[in-house]
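The structure under discussion appears below in the form of structure tokens.
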């Protein structure tokens, strides 16, 4: 079988070369501490008295996580290998570089590997006298039943959750408050996705899984992990309806409430398809009596070149709405 | 042969459904005149005394063209079918909606179909007493020899050229000046791309062309038109070197000059690969003695789900640099 | 039996049916040297032309004009302005009449060729649809039979295989365009076949 | 003949060679119920462990510690903390000695199992690498032969086929994880084979 088509040099060097290219492109937004090539820190943002938001995870989800480092959002990021949690050291380096003396919030998706590595980083930081809190994102409603929310994965909802927590920290809220906001944002954020093709790792350049033409994987994660079930590929409206049925049931929002929406590409699904989906998402929310306060559409949280999409809905309240509206200026995301 | 995997409803309705989804997502940025569903106009931007920048072309290149409509950039856009120039009417509608009495600049890529349709629109507008100028973008250096620059295609360089002209208009320059800026920006913008896979139209859902694994198409357009030649797929650095050799030779910039760079995905090539390419682009520019003033990396001008990438370099002078730095606020692109 | 506005409306319906049937073939031809959408443009354009013609009242010219506008607005692309201009010219040739002798469809073919050449700033030999329309128009103007006109169009389309494109998307391909017929010329020959079939009179 | 720091360094080299050879197979297994990268993690981790071990001076414990740190920093992921903790525990078991009786590799296996169970908060039966390490450690603690320990590990890995995953990525699959072996258990059995082979003494 031939290798998948990629513009890379050496699969093992892909993450480090990507980082070099990111630093070359965004010198006004990002820097890396000496001797910590896998930690990226916001040029603007971290400051004395401010809680440091440190995000991170495996590579291959760009612009998540690096792209959300910047003023008003995350302060620093620990970068792992492709689909692999970073080891503790970059998380420690990122936290120390961003630390403003008001505590550090580790905020990342709920995966076994990330939890083990970030927990080790927390222990190391606490040994250095840095106060560390951890909030895991668990927005993927397809990844565990409702009564086991804490077992769910964190996926594209990261964008809204990071945004809310980042704004809270930028507003100089104390660590207790920032942690509360992050948990609250996570509690009110719901995502579900479908995959239409596999991705392939740069090291192997083989499809991570087989997905025959004409089929889709429902409840797909963002690492090529299988979803809940496989079924025939259906129309955009049918797919949106299945996802929105699930999200609306979970969210259980009374008519009149406001939401934020993210229609996200898993990689190779183009904007045309995402906007076709969004037309239906908007229709479904309207008929549920909900007001869309903000819509993001595009590749915000990806799985390399996987085809597919996810829909995220954040159930807003006044606080979350204000935090989402707060300006931010990151290498790959700007607002306000 | 089975159909390509797409999240759509009906191929023939794809463009109109996409537009519905765009309008639902970006009500603060875009509106459509009644009875002109294929014309999108900036909510903020067009105003009395300001030259109206009207861009347009086929669909399937999102965020080009619609995404660049907004304050500080284009004022309106005419939307065609997939890979098909819009007919004259939406261009007329877009121009009339954006017209501030200071003239209209039609600014679009050089394709036979677009030229015929926009020229018909110009005639119709002139009959209504609206002054119309036209500037064609011709940045694709692979599409004709250097001495036939006027025959070249307009591709991802559109982003920089639209940006410069849009800023000039936003600064209330008169139509002669805006036209001059657009031509000047086009003259100094150079793009070349490669494709690693075909795309497929929503109506047929068949690959537009065959590209065997292990090969790439060099000098690819943004509609699936074949490039200059086909060759074995090479490493990112080799591909970048071939493109940069061609661009640097054309651009012929003395050491010490400044440039803007766009490393663009044709659709399914993910950020990881683009940033790996950018690491090499930055290296090549540095060793040519050139300073990178600004770098954009991402899917800025696409061909549906085609895999591949293009590199655009704009050779800056003080004026172009100032215009690129000018703020803009569009549905799919923000700056400043 | 004269060629009436009703016959003209039927001709557009026949063209639309033909383009629907040939859509994927035309897209595949366009995929080789263009952007793979020519079949879609022709299907949508002829369908819109047929619908607009159907809804039109008035003379042959009115019906041609309505069809032109329908084609143009549905399609854009290259085919839109080219065929819209062609149909406007054909309408002018047919004039404000309720019907005309079937023979005068020859003049319509010649007028269409003129419209395309003018709108596209095209000449024969540049590997475009004109390479089917021009020989067909020459045969029509020379008073040849419907069969001969259709054959001239088909041969013209076939001959584009050996041309290097000088206009349109394929012009960027240079020598790589050799060996493949021009999709616009192939669809043109099909449309001309439909016109020639109308020229022969209604199937009895 | 005792097991020296040199032997330990060789063991890490052997593990790295084994993981390089098995990389694609392990990735394919991980692709079915995980994210297809387990072979990469194990290849990179064992290579970094071997390199760090090679560069380390000092006792068995020092070499184990260096390997642990090398593995962890190269990999992260799930395997990184699990094997780093396992290797630190093995180092503690081996202690600050220049060498030890080869038999004491049994204690190292038992220590590694403890480290993994503790770091992963794992129990046998949850379809993880522990399902290879636990039976191997039990066999080792019971004083069984190298062959028997390796066989226990392989059987443990094979038995994960019939388990529903309760930890790690595959836990989200529920019943869909049935019928496929856990990649971490499969690679664990391979590493245990390499340890058992070192336990038998150098090939003469």
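Note that the chains take the letters A, B, C and D in the order they are written out, and that residue 1 is the start of every chain.
The criterion applied here is as follows: contacts are C-beta pairs under 8 Å (C-beta built on N, C-alpha and C of every residue); 3 or more make two chains touch, one makes a residue touch a chain.
Note that this is a predicted model, so its numbers are computed, not measured.
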Separation of chain D from chain B in steps, with touching chains one step apart: 2
What's the farthest chain from chain A if centres are computed as the mean of the Cα atoms? C
Averaged over CA atoms, how far is the centre of chain A from the centre of chain B? Could you give it in whole Å? 29
With centres defined as the mean C-alpha position, give me the chain A-chain C separation in Å. 53
How big is the gap, in whole Å, between where the Cα atoms of chain C centre and where those of chain D centre? 72
Whole-Å separation of chain centres (CA-atom averages), chain A against chain D: 31
Counting only residues that touch at least two other chains, what does the list for chain A look like? 82
Building nodes from the protein chains and edges from chain pairs that touch, which of line, ring, star, complete or other describes the result? line
Which chain pairs touch, all of them: A-B, A-D, B-C
In the complex, go through chain A and note every residue touching chain B. 2-10, 14-15, 17-22, 24-26, 59-60, 62-63, 67, 82, 194, 196-197, 202, 213-214, 216, 233, 235-237, 239, 261, 263, 267-282, 292, 295-299, 302, 304-305, 307-309, 332, 334-335
Any idea which chain D residues touch chain A in the complex? 23-24, 27-28, 31-37, 39-41, 44, 72-82, 119-120, 167-173, 176
Hey, which residues of chain B end up touching chain C in the complex? 12, 58, 80-89, 111-113, 116-117, 120, 143-144, 151, 153, 201, 203-204, 206-209, 221, 223-226, 229
